Every structure is written in structure tokens, then in C-alpha cells.
Amino acid sequence: MFKRTLRKLMLALILVAPAAAAEPLVFTAIPDQDETKLRERFQKVADYLAEELDTEVRFVPVKSYAAAVTAFRNNQVQLAWFGGLSGVQARQLVPGSEALAQGVEDAQFRTYFIAHESTGLEPSDQLPEAMEGMTFTFGSKGSTSGRLMPEYYIRQQFDAAPEDVFSRVGFSGNHSRTIDLVESGTYQTGALNFAVWESEVAAGNVDTDAVKVIWETPTYADYQWTIRGDVDERFGEGFKERVREALVDMNDPALLASFPREGFIPASNDDYQGIRETARALDLID
Amino acid sequence: MTALALEQISAAYGERRVLGPLTLHIARGEKVALVGHSGVGKSTLLSLLFDKQRRDLALLPQDLGLVQTLSVFHNVYMGRLAAHSTLYNLANLIHPLPKEARRVRQVLETLDMADKLWAPAGELSGGQRQRTAIARVLYQPASVLLADEPVSALDGPRAASVMQALTQRFETSVIALHDVELALRHSTRIVGIRDGGIALDRPSERLSADDLRFLYDVAAPAA
Amino acid sequence: MFRSSSPTRQPVMRRSATLRTSVGFVAVALLCLAIADIQITTVAPWRELGRLLTGMVTPDFSNPAAIGTALMRTVAFAFVGVALGASAGFLLALIFHLRVVRTFCAFVRAIHELFWALIFLQFFGLHPLTGVLAIALPYAGVFAKVYSEILDEADPLPMQVLPAGTGLISGFLFARVPDAWPHLVSYTAYRLECGLRSSAVLGFVGMPTLGFALQSSFAQGYYSEVGALLLVFFVLIATLRLWVRPWLVPLYVAVSPLLLGTGLPIMWGNVTRFFTEDIVPAPLRHGEGWAALWQWFSDLLLNEALPGLWTTVVLTQIALVGTGIIALLAFPLISRHFTSRSGRVLGHIALVVARSTPEYLLAYVLLQLWGPSMLPAIVALALHNGGIIGHLIGRRSNEMTLRPDAAHGLDRYAYEMVPRLYGPFLAFLFYRWEIIMRETAILGILGIATLGFYVDSAIQELRFDRALVLIVITALLNIGVDSLARTLRRRLRLRHMVNCEP
């Protein structure tokens, strides 16, 4: 009884109830890149999905990787474009949720280690020992290619925690920012998503005299679309499969280029077993 | 030679004229007492004089202008801020130099205040506070004194000795007083204010207390 | 007779105690500075600053709809949050003598708005309620305390002369509230300004206020957009008195809830889950027993809480002294004893900018300019809080009259002003001590390893059990500093000033 009164009270506070028409499918994405780019990209995806699925689709931007996972877990969004680690976290928190599709590149994803020219570091086939004692920035704390995998390889190479290897360790927030910070020399070195690097370089946004790639990691599975298990009950039988088909069928070059991915292929939870084990080894998940 | 002069000056609070227009010349060496009932404009006249000329002049306002959180030493030393470099002043603020402390103590001794040298001004009694401010003007290197009721919080004998010290120390002085006896005794010239103007201006030696009584007579017909 | 007992002993002691305390604080800060990391690590620290300043003078207002919406939401969140906080605070003030109420209020206000927002985000998600409660809850704690102090200070006489049998409420309304009313209003108005700042900063964690747009523009280096947003915000704060009129306030409060936006629907099951699962320590959740819990807790304490605590304290002490220095340097800018009328206008503008730029934002900017060390945080905290205290003591100096022949320049500053203002200055500074510490913790979210850094990490790892323990530790630290500051204020007999609370 009390609970109901409380709930009413809260609702009275909220006042504006969203139009109670047919429920829209709401999705989000980890903010791994510049927000304008994300909005642009995912607005196009929303329009595409709305047409394919014949239902209202809405994109909600969030400020952190954790916020994306939380919104998914709280059922405020039903579909999300996650990184490897955030996807593992999300699926662990929402039983029944599934990895639907990944980019062609995501099965073979890599991390680039980059360095400012003043460090004198040159490209090599392993993480240079000379990095020890320099400053280093990850991307977001919850990023796979910007945190999890680079930390894993740093530990492998130096047999020590990043805080002990480098004189200073930072978290830039996202991959674009990592490029900026290393390019400007705020940090001497950094690690980021190879796809973001390639597309920023192609777009001419990077001063390649000031910053360059010094090492790339072996491949691992990364980004994927993950959907909640209860969408069929909510949006009708077979909804999940229709979403998967729509994603895999996406072939508008402009849309794909904005990710940037060549196309999408089906994925499964098992594809991310490796990520899961790495995260557990680094004590990033329980 | 004229030390201070006002020519056809008046003062007003908003629309209401409180003083003047009046003309007043004070020669060097004169010890002037300003008398009149309270609220008649003595303080206003003093501030007009002050605004006219600020150099070579020591001011003792009615509310003293002490800094409560500083010691008596500092408050007295402030009389000579202008005579020293800022650096020297800052040094004295942080760590009073023995030389300065000795000088200030000498001034305080004449006022019976030497034991309060390091007491914060905020902790003093009314009379002590007034003596601190007096010490400040005595310490100030100036030849003209403008003082507003400088001894209002002091008892009879001490008031007399302080008045003595003030008029001796300054070549020229203009002191507002409500005590007619004190005014007559410690001045060479009496200026009486009434109804916004100078109602009386004569050498003190030719006046008695009775001559000044009309200044305090509220019921007197308007001039 | 009763006076002669004190002048001999106390006065000298009290003065030197004030000085001794100040010197002690400076010494501690210098020690902290010696061990703190304050390197500038960027190669071209001024290039980015140049770009930022260029952006400030070439503001980009090309998207008025977006700026307008962000502005409207900022105002709406502030009004709803502060109105709820003030109402709840007023009710709590009536029963503030109860220990449990006092403890509750001390606890909720010891947790920063951003931490509250991060907590509410976990179960309300991106819903306006998250932002509203993140403001309302800590503000209620502050309002309760200050309102009760104001009511206590009201003249007790009218209450005593009321006819016997006067009802409790009518007695209160007639005899207590009217006397306290102007103070209640002025304090509430002051908190509204704080509320606007808080509201803007909540954008950094996803609320649709100015901070949201600011962070996006900043992260992408769109400095002209940043410039436009900042200018709009400064104008909003500087003109507060013009557009917040007493008769308009009810209108604002009534309309604001309609302007919060809708966000995403709340799922109520999440609330239960948060309290019954998320914040239960992992070992207990997994049924690993008390020994495992102890292990979990001591790991958390040793690896995160203690290092975070240490950095928080070091940074706070440096920032506190920095704040004092900035305040003492800045107040002459707006003091009529030092600056001409036109100069004071510029001084006021400088101080408005310093104090209305949220320190979180300032630290974020400086971090981009100078690279990751404590320096950006120190400077941001000192500028923001120094701007506030400089404003307060500058205003106070304008209320003072000096004797007409008082010294000028530095002599006037050192002999006439600073000694008179030092008491209030220290009182203000001690009031801000706890606030500076709370803000220090929050700056951890930007990557400086204070407690906020570990809280943010725990939340990023979706480990709310750890986050909660760390937040509680932060709150206890704040409560501890607050009571230390109170003790110092009492010992130094710094006069109580209600209107300078947070």
C-alpha cells in the first residue's frame, strides 16, 4: 500500500508521461568516439531499423560505457552496440540476452599502441621495453580495445600492473580523445581501437608526423549488437531474429562506412569467451 | 599665514543643506575649538576642512578608525605608514622591529597606555581605545590636527592632560568639543556653529562660558 | 569587574592562535605540495588554451535551439531540485533537534550531487527524477541545517509574550517565521545559484543540462560551441537577480517540472534490485561467507580507499590554502577601498566568471591544457572557491568605512583591510573546507586518483557494492572535516555566518 502511494507520488512528480502509444524499441551505444559522429551514425541506424522492423526506433546517447550497460540492464534500452567487455558485462547482468551480430572486422579486432614523436619510439613487433617510465593513456575505463586488451598485453610484456610500468596512467575517455592527447603530447603513449585510428587518419584528422603506431596487438573479438532476451514477449514472436536479419542485411555503404565496418555478420555469446576470461583475469568482472 | 581655508563652502544631505555657505580662515599657529550643540555640523565642518587639504594633516575622527584585530602597537604605528616604504611597513606588520616598538611605547607612556602595547585594540575599554587613537595622531608626522571630540571618553584630569598634549604637539589644530570649559582652556580661538553657519568667532581669552551659552539654547529664535 | 578578568590573558592568546592556525595550514599545504604531483606534462600547454580563448571570443550561436533547450533544462532541474530540497529541508528544520535527523542530514549532504546522480542513475536511469533527486537530496540536508540555525537565531521574545494557549503552528508562523523570513529568503536565493551550477554539472553524467552539451563540445574540440555555452551560463548566473523576482518564483516552480523532458521510463523493479542485490557485497551475494567478506573489504580498503583518501586529503589541503591566497588577492578587485567604480565592474565580471564556472568544468579544461596531475585540480578549486570567498569578503569590505586619512595602496591593504577582514575570511575558508574536500573527491572522476576516481572505476566496472562502500567512506571523511572545521571556528571564536554556507 505504502509502496503504491509512494509510486503515485513519484509519478506525480514526473508529470509528463511519454505518449503511451506503441512502445518504441530504444537502443544505445557505448560512447567510444566523438558524440556528433555517434549521433549521426546511430540516427541513421534508427531510421534504417524503423523501416525494416516497421516499429518506432529511438536512439539514446549516454555519457559512459557503464551508463550504456546500466540502461540495457535496467530495460530502458533493449538493444545496444557494445564493445567486447561491455557486452560481456551486460550479458552477465541480463540473463537471456544475446550477442546478435558483429562487424566483419570485429571478429579480428586489434588495438594500436601509439606514441608521440618526441619519444623516439619506432614501430616494432612487440611492445617496446623503452615505454617503461613514460606516460600512457587508456581510453575509457570500460573499453575493450582501449583498456582491457592493452592492459592485458602490458601485463604480459612487463609482468607488472600499468601503474607500475608507466610514470603516469590516464583514462582519456574515448578513442578520439586518446589520439588528441598523444598527438598534443599530453601523454607520451596511448592505446586505442585500430578502426578509429584508421578512419581518423583517412579523414586527415591526425598529424601523423606527431604521432604514430608503434605496435599492434594480436586479434580478438570486439564490438557487437546485443539484445535483451525478453524482446520477443514485448515486441512479438520472432522479433529478435528480425532484428538480427535487419542488421546482417545492412548494406547501405554510407551507413556501414560511418561505423566503419564492411558489413555485419551473425555473432553468438560464445564468440566473447576469450574476452570474458581476460576480463576475469584482470579482475574487471567478478 | 593661512594653514586652512574655506571660501563660501556649503554641505548638504541630499536636498537639505546642513551647513553654509560659510567662509573660514585658520592661520598657522592657531588652536581653534569648534563648539555648538550636537548635530549642528561640527563634524561636517571638520570633514570639509579635511577634504580641502589632506597633506601635513592628522585626523582623529569621532569613531577613531582603529583596526580591532591589530595590536595597539600596530594601530599607533599606522600614524607613520606614509613615512616609510611599504616593504618596511609589511615587515613591521609581521614582526614589529624593536626600534619602532620603543618609539610607540614612548608615545603610549605619555598616555599611561604602555602596558597595553601588544593588546589587540578590540579588547580595550572605550577610554583606552580613544587613547590609542590619540597616540596614533600624536605619532603622526604632521603639523595640523583635525580632531572630533578627542577626549569624550576620558575623565576630567586625563582629558585635560590629553588636550594639553594635543595642542602642544600640533602647531595648528581644529578640535570639535562639546565641553565649553575644555574648549576655552585649550584654544586660542573659538568658532561657534549654529543654524548652519558661524555664529561666533573670537579669541578665547575674551570669552567666558556664559558667552557661549546661546549656542546651546535650542529655543532661540531663528537667525 | 567582570571585564577586567579577560584583557590580561586571552586577547593576546586568541590573536596568536588565529595566526598559529593559519601558519599551520600553510605549513601542511607546503608539505603536501612537496609530495604532490604537480607537473605540467603537455608539450604545448598553451596551444589548447589559445584555441579555447579563441573559442570564447568567437562564440558559435548557430544552434540556438540546442543551446536554448540545454539552458531551459538547466534552469528547470535547478528550480525543481532546489524547491524540493528547500521544502523538505524546511520540514526537517522543524525537527532538527532530533539526533537522528541531524545525522541523516549530515550524511546526505556529505555526498556530492554527482555521486547521488551516479547512484540514482543505476536504478532510475536516464530519467529526470535522477537529476532532480540528485540536487534535492543533498540540498535538503543543507537547507535543514541552515534553516534551523536561522530559526534558532530569530528573536525569541515574540514567542515568549504570546498569550497562553496559542497553537504551536500559529505561534511558529506569527512569532518565529516573520523575523527569520528575510534570512530564509536570501539564503534560499543564494542556494538557487548553487543549484544552477549543480544542475549544469549533472550534464556530465548524462542529464540533458548545459554540462551535457559542454562536455560533448569540449571532447570534440568545438571551442566556439564551448564559448557560446559558457557565455550563456555566465549571463544566466550574473543576471540571476534580474529574472528571479519574488513574484515570479511561484511561476517558475510551477512551470519547471513541465520542462524537465521525459528521458527514459523508470522500471521500478530496478529499484528493488539495486537495494537487494547490487549493493550487497559480492562475497555475501555469492554466499562465500564472512571470512571472504572481510577479505573483500580489506582489499578494497588497502588498494582503493586508503590511497584515494590520502590523495584526497593532500589535494584538499593544497587547494584550501590556494583558495585563501586567491581570495585575499582577488577581493580588492571589487572593493571600493582599492578600485574605481569602472574597475570594480571588471572585477565583478572576473569574480562572477571564477565562481560561476563549476570547478568540475574548470578542472576538466585545465586538465586538457596541462596534462594529468594535481595541478589542474588545485588551480580549478582555488580559482572557483577563491572567487567565491573573494566576492564575500570584498562585499564585506565595502560595508566598512575607513577613517578618511587612512593609508593607501599596499599599506591600506596590509594594515587596514586584511586585519579587519581576517576573521570573516577564516570563517568563510573553514566553511568551504568541507566543500573543497567534497569537490576534490568528485574531481577523481576526471582521472586524478582521489576517492572519486575509485568510485568512478567501481561504477564503470558495474560494482556498486564497492562504489557504495567508497562513497560512504567519502561521506565520513567529509563529515569528519566538517566537524574539525567547526571545532576550529569555535576555538578561534570566528563569528557564525549563516549566509556563507556551501
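Going in written order, the chains are labelled A, B and C, and every chain counts its residues from 1.
Here is the rule we use: contacts are C-beta pairs under 8 Å (C-beta built on N, C-alpha and C of every residue); 3 or more make two chains touch, one makes a residue touch a chain.
Quantities reported herein were computed from a predicted structural model and do not represent experimental measurements.
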Problem - Label of the chain whose CA centroid is most distant from the centroid of subunit C - result: B
Handout entry: Innermost chain, where centres are averages of C-alpha coordinates
Key = C
Problem - Centre-to-centre distance between subunit C and subunit B (centres being mean Cα positions), rounded to whole Å - result: 48
Handout entry: Centroid distance [mean C-alpha coordinates] between subunit B and subunit A, Å
Key = 79
Exercise for the section: State, to the nearest whole Å, the distance from the C-alpha centre of subunit A to the C-alpha centre of subunit C. Expected result: 34
Fill in the blank from the handout: Note: subunit C residues in touch with at least two other chains are none
Fill in the blank from the handout: Residue set of subunit A touching subunit C in the complex reads 7, 10, 13-18, 26, 34-36, 60, 62-67, 69-71, 73-77, 89, 93, 116, 118, 135, 137, 140-142, 168, 170-171, 173-174, 176-177, 180, 184-187, 284-286
Exercise for the section: Please give the residue numbers of subunit C that touch subunit A in the complex, ascending. Expected result: 37, 41-44, 47-48, 121-123, 125-129, 132, 204-206, 212, 215-216, 219-221, 257-258, 260-262, 264-268, 270, 282, 286, 368, 371-373, 447, 456-457, 459-463
Fill in the blank from the handout: Listed in rising order, subunit B residues that touch subunit C in their complex are 47, 50-51, 54, 57-59, 61, 63-65, 67-71, 74, 78, 81-82, 86, 89-90, 93, 118-120, 122-125
Handout entry: subunit B contact footprint on subunit C (complex, rising order)
Key = 3, 6-7, 10-12, 14-15, 401-407, 409-411, 414-416, 419-420, 422-423
